Amino acid sequence: MARKEYSFYPGCSSERLTSASNYMVSVEAMCKKLDVQLNEIPDWNCCGASIGYAEGGELPRHVMNARNLAISEQVNKGQDVVATCAACWLGARETKDRLAHDSDLLAETNEALREAGMNLQYKGEQEVRHMVEVLIEDLGYEELKKPVVKSLEGIKFAGYVGCQTNRPFGIVGESFENPKYLDKLVEIVGGEPVEKYDQKVTCCGGALAFSEPEKSQAQIKKIIESAYDHGAEMIVTPCPVCQMNVEVYQGQINKRYGTKFNMPVTYYSQLMAVAYGGSAKDAGLDGQVIRARKLEEIAAKGAR
Amino acid sequence: MADMKIGAYVCQGCGLGERLDTKALALVAQKEGKAHVVREHEFLCNGQGVAMIQKDIDEGVNRVVIAACSRRAKAEAFNFESVAVARVNLREQVIWSQPATDEARELTQEMAADYVRMGCAEAKKVLAPTANAEHGTNKRVLVVGGGITGMTAALEASRAGYDVLLVEKTGALGGYMAKLHRRVPYREPFADPQATGIEGLMASVSQDPHITVYLNSTTTRTSGAPGRFSVDITTESGQTVTENVGAIVMASGFSPYDAAKLPEFGYGKSRNVVDQAGLEELARAAAAKGEPMRRPSDGKEIKSVVFVQCAGQRDASGAHLTYCSGHCCNTSMKQAMYFKEQNPDIDTAIIYTDLRTPGNGEDFYRSAQRKGVIFTKGKVASVDVGGDGSTTVHFHDLILDDKAAIMKDVDLVVLATGQVPNSGVNIDIPPAASDVDGAKVGEHAVSVLNLTYRQGPDIPQLKYGFTDSHFICFPYETRRTGIYAAGPVRRPMDITQAVEDATGAALKAIQALENASLGRAAHPRSGDLSFPTFRREGCTQCKRCTVECPFGAIDEDEQRYPQFNEGRCRRCGTCMGACPVRVISFENYSIDSVGSQIKAVDVPDEFSEKPRILLLACENDAYPALDMAGVAGHTSSAFVRTIPVRCLGSVNMIWITDALNSGYDGVMLMGCRHGDDYQCHFVKGSELANYRMSKIDDTLKNLNLEKDRVRVLEVAIADIGRVPALINDYAAKIQEIGMSPFKGF
Amino acid sequence: MGDINTAMAEQYRNNFLKEVEANVEEGQWVKMCMQCGVCSGSCPLGPAWEHPPQEIFMMIRAGRRDEVLKSESMWMCTSCYNCIVRCPRELPITHIMHGLANYAHRLGLAPKMNPTRRFAKKFWNNLAKSGRVNEIELSAGLYFMDGFKTGIARAWAMKDIGIGMLKAKRLNPFGFVTHKGCKDKKGIHRMLKKAREIEDRRKGFAA
Amino acid sequence: MADVVATHETIVVVGGGISGMTAAVEAAETGKNVILLERAPSLGGRVSQLYKYFPKLCHPTCGMEINLRRLRGNKRIKVLTQAEVRKIEGRAGDYKLSVTLHPRYVNENCTACGACGEAVSAEIPNPFDYGMSHMKAAYLPSLMAYPQRYVIDPSILGTADAEKAKAACKYSAVDLDMKPETITLSAGAVVWATGWRPYDAAKIQPYGYDRFANVITSVEFERLSDPRGPTAGRIVRPSDGKEARNVAFIQCAGSRDRNHLKHCSRICCMASLKQTTYMRERFGDEAQSTVYYIDIRAIDRFEDFYQKVQADPTVRFLKSKVANITEDEATGDVILHGVDTEGYHRYDNRHDLCVLAVGMEPSVDVRSIADVRVDASGFIELGPTDGGIFGAGCAANALDVNRSVQSATASVLRAVQVVNRVAKAEG
């Protein structure tokens, strides 16, 4: 039996051949080394994401999340729900919070849930947590350090936390304005955190990357520019939306602003997968649009 | 009185032994100071040193000269009962204010020797004071005003075991608070209006065997002093009883600002525009009938209410009240809640510029919002009264920057007007001037206390008619000893504050009568047993002392001589400073006690190039600043000789002319700031000194001396670096103008 | 839709605040604002807001119904939650903005061509179809929502990104056909329909 | 401490700031016996660290001098410093206080001659200047310190420095073997006047107090402005010592905020208004002060002061809660971001220095020590009339100095009522 077991909510972008599939790959590799077992919620559905508000409204969004949680309560009894995606985590957790404080809304939610299959009823029994929370709170930095076999020495990382992993809930003990856990994780794997990086919680534009590209790209530019200014070689993030926005729009930003950005944007789990001895493939490094060469080099080297 | 026997003690500790020739100083004390016992000690303030002095006292020494550190240090160690003690400050103001160099040694020693001479001279002229045997011992408290403040003061004093007389002008207790429907909450959860509880309070007062209530009565004559006030209490029908009390709490409350002065807000044009008092009246009347509040003009249902904050307040133009009354934001929120309670659908809007709900008032603010009270930051321009009884409020919406914002179909407009203190006669405005400004002064020209004091019938007002203290650290210090103002007469305030204020004022009243019964002074020279006396045969009845006393302590007796009422006296010595014939003195502070110090200084001849500068320093601020300058290592001229004075107001011109006549090259006076933000602890002392000194030029001219021979300076206690600099500047100035021609006479 | 708007305007005549409280997600918080403006200053897209949140709250209190509901402002929300965590009155501002946008959208007052409104609609419809987002279909749908020609132009402009994603195996070119979504699609459809019904009933939309 | 006599008629005052000193002096001058306990090595409390008081702009030391003279001259008052109350048990008229006396390592023999301070070389952060300056580890807490006696900081115990201090003292005042001591005091009534502490500015993360050198608190600005402070009154930036001519004052830093302190701390508006006058005093027309506020709470006659400051062209007011602060790393300037809500004007304002008007919270959690009723913020509420422990000053509410003194005076009467009752009963 694994050391820790969680009910896992991967979310749409973690599926194979989707925007965060590389995240998923690295999470699997990381969890394996940490002896953490993720039990996927069967037939989970989309969280609705924040942007779902306009058409989805209030109750339908809660119902979507409640369905996942209700299935989890039914199937993965006694386990905390863990999400890797910031939006999934936030959506699910918001629903849990709101239903806990609004009995009318809870009743309405369950009324709608009855229409779905599996004879579901949401009770609110399980905690909803982010993968990073689980790593830090349940395992702790000491435990996370133990499986490290390769040091990411010499790589400077700008820890970009973004919005939704950080606000409004965030990680216990961390501030909304200056969370330090990514820096600590970077240190654990032997990398060098850029501590003065001042854009770690700047919004990348999120879901508006498509509808308001100029505005969101202005945000992304700030995020990358500051990373360069502070000497970072890579950005590391816990959020798939952040990762994608910051990584894939660099070409467009270069065109728009005449910059020469080519900054790899990685997940914390990729760093850990490499440090834990995983191959570039294990760490999903083949999924980078902008290759993280230095990481790949370390992954290619034998364990020290 | 036994023969004078002076003991002089020279300490060698804290470097005094190294920096000074203490043996020589001891010799000075003995030879020049005529001390009977002279001792040096290596560590005078320790048990052994103190015991040594005590032994001498036990053996007959009755004047003690301690040549050691500042009087502000080791006060407990050198606190000898029943003997006069002169402290010679060799540490802070001699060795610590002079460079520790060989070159400086001679001047430092001369300085120390002078101070020893001065200390001995002072010791000869002062006595350990004993209280006046004629002090009053009445321990009853008079409370004027039967509102929440007065009732609280009465009950709290009674609870402490004191008898109270409570005088109320109207036919019932309760005051303004009895006119309220509910009060603003005063404890958690600060969410809803609360019952005033005034009936219970009134019952407690009426039933308290220690409280005697006089309704329909006013105080028509108040004379005497703490511990022996005599008060005439006269009923409406004209019957008068005379009562004796020990202290007085004045709780005469406030009147709402006259909303009729605000026609632009529709007051007087429509019954549907009311002030906060008017709204309370509506609410009480409705509650009494068990009905909802209705529109006053036509009894229609109220659907919309607008509250106009700061109506006739915070008005920088001076047309209305300049100040903020503090309670009105909370009061309007409370009143808006009346309507929300009546029907949550009634629209209530509060138009404000700064919402002022300090402390837990913030909870009340949130509660009002939660109940749906709307808050709009804006400035109301006018209220238009429509023919159908509804009104339109025109305002500048400051957030949406809409200068033409309006609220239509308003059924009721409530004006948050301010508090105007019922403080009686403004004694600082001469009667003639009150005619000029008739409207304002005339309204409140009825005296509250009818004091028979030479200086007027009521407590002096500070600003806007409030009888507040000007002192941040001493809020209860009115300028009439034993009379304490409390509640909104003192400062605009709400009920919670008035209760706290009343309790504090009651304590001060009790303290005043307890002190009076022992003949002790009140703040700031608390406990001082000395009191002013005068030589009747020398008095010219010029009245300067009676006029200038900042505390109105001095009346005139039937023969027009000053009558000091020492219970009212704060021992500042302003009278002593004022007296042109120098007949006023204290046992421990007199023209002579300072004058002889001035004369004791050894003034070298004009060829010595050693000028002498006299520095008369206020003991509360300038003198401590000099001490601390020494501690902080600032050096200053060795030619200065400093004498602490109780207040610059106590400085008599004779000291200055004596100093100049005896060859001093310059005289400095250092006192506290005066003017609007005065810091003089005796209110007027430094101002009077400045006034008196403004006339010194004539004296100097008569003596054929330069104007710069006398310099008056304002300093603060924090001027630790500045004070030595001022001294050095002045010393340089004296160098520049040269030696006094009066040396050697 | 227009009818609902008229009905709502009638029902809450003169009191837009009450309308918002009744019909907008977390609308009951609007009255708690004390106009400090921390939300307005905290928004990453702040300068793009014609009326920032705190001002919108004041406009609601002042009854400026049309101005608010027709505004582009709420559509600028990136859901970053800065405003929520900094608000000294703990107003769930992000949700209120979403709620207002949603309400305006439901009443048909939201600006027709607002790109975020249109994106959000596509997004929801995409996820609701199978229970999960089909990224390729969503992207394509977005490119081509203004017709074939603009779609091609947009896709061309974005081609490098698409190619990059394809190369990185983070986009499924066959997703139009292979995307499976949830198994219980029918159940999800029924569930969402029901939720919508309940919400419409509660908010008086069930015209 | 055998010389401390306390009976059921004694009033114990806990806290030696302006409220506690007032309470002690007022009670003693009413004829009551008082024991005044102070946790620090000297009296004076928070106000002694202020440069000036509003609205008169006078110096706190001035009133302190008067109070100290009243206190020194009154034999009814016994002062114990470095005294920490651990527990209060009993009831009105019969309390037992367990008090720990921390060692000063300097006894009554001390004359404050300063020899030990000169002898010692170790330096420690000076708490009087909120750590903005350093002082010798043998020190007089301030120029106005009462008792006027040195303190040896425990950090040098066991080092050569401690021995040097001991050797330097000619009066056998240095006693390195002092130990903490716990005593029990009787009291009829207790006035609890432990005052306030500034809210931890680092918790207000958007303002970066923990990250940016040029973001300081209002209490630190007081020290910076004080000629006796760490910079001798020069208003300069911590980052580079450059004169700070363009200063931002942020109101409600912690106060009126459900994320921090839910109450309004009352004094901060006035404190900032006052501090703009420090700017004018130093820099004249060159000064630039900007006050970012939600509501200016200049209550009662303080309104005059507000109007006076408003009329000063060097002072600007913006109705805005600043959203966040960033730092220009090259210059050390701070940039405040936000929206002026009066008409919606967005700003990114550059300043030399930013002063956070931090809120007040009670400095001691009294609940663990005594059975008293407190509000949600921890301030002592006036309890039922049969109690004998009374909050005074900022232990009872967020108050300015004037109101604290009023509160202290009122609390004395409540205490006097208790001991007079006891006296009557005891005959």
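As written, the chains take the letters A, B, C and D, and residue 1 is the first residue of each chain.
Just so it is clear, contacts are C-beta pairs under 8 Å (C-beta built on N, C-alpha and C of every residue); 3 or more make two chains touch, one makes a residue touch a chain.
These figures come from a predicted structure and were not determined experimentally.
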item	value
Minimum number of chain-to-chain contact steps, subunit A to subunit C	1
Farthest-lying chain, centroid of Cα atoms versus that of subunit C	B
B-C compared against A-D, more contacting pairs	B-C
Core chain by centroid distance, with centroids computed from Cα atoms only	D
Distance from subunit B to subunit A - Cα centre to Cα centre, in angstrom	66
Subunit A-subunit D separation of Cα centroids, rounded to whole Å	46
Distance from subunit D to subunit C - Cα centre to Cα centre, in angstrom	50
In subunit B, residues with contacts to at least two other chains	355, 377, 399-400
Residues of subunit D engaged with two or more neighbouring chains	206, 256, 319, 324, 341, 344
Junction residues of subunit A, two or more chains touched	176
All chain pairs that touch each other	A-C, A-D, B-C, B-D, C-D
For the subunit C and subunit B complex, residues of the former touching the latter	15, 17, 31-32, 34-35, 54-55, 58-59, 61-62, 89
Residue numbers on subunit B that touch subunit C, as the complex places them	347, 355, 365-366, 369-370, 372, 374-377, 397, 399-400, 402, 405
In the complex with subunit D, residue positions of subunit A that touch it	175-178, 196, 198
Subunit D residues touching subunit C - in the complex, by the definition given at the top	206, 252, 256-260, 294, 319-324, 337-341, 344, 346
In the complex with subunit B, residue positions of subunit D that touch it	18, 22, 25-26, 29-31, 51, 53, 56-70, 72-75, 109, 111-113, 140, 143-144, 148, 170-171, 226-228, 232, 256, 262-266, 295-304, 307, 319, 341-344, 375-377, 381, 397-398, 401-403, 405-407, 409-410, 412-414, 416-417, 420-421, 424
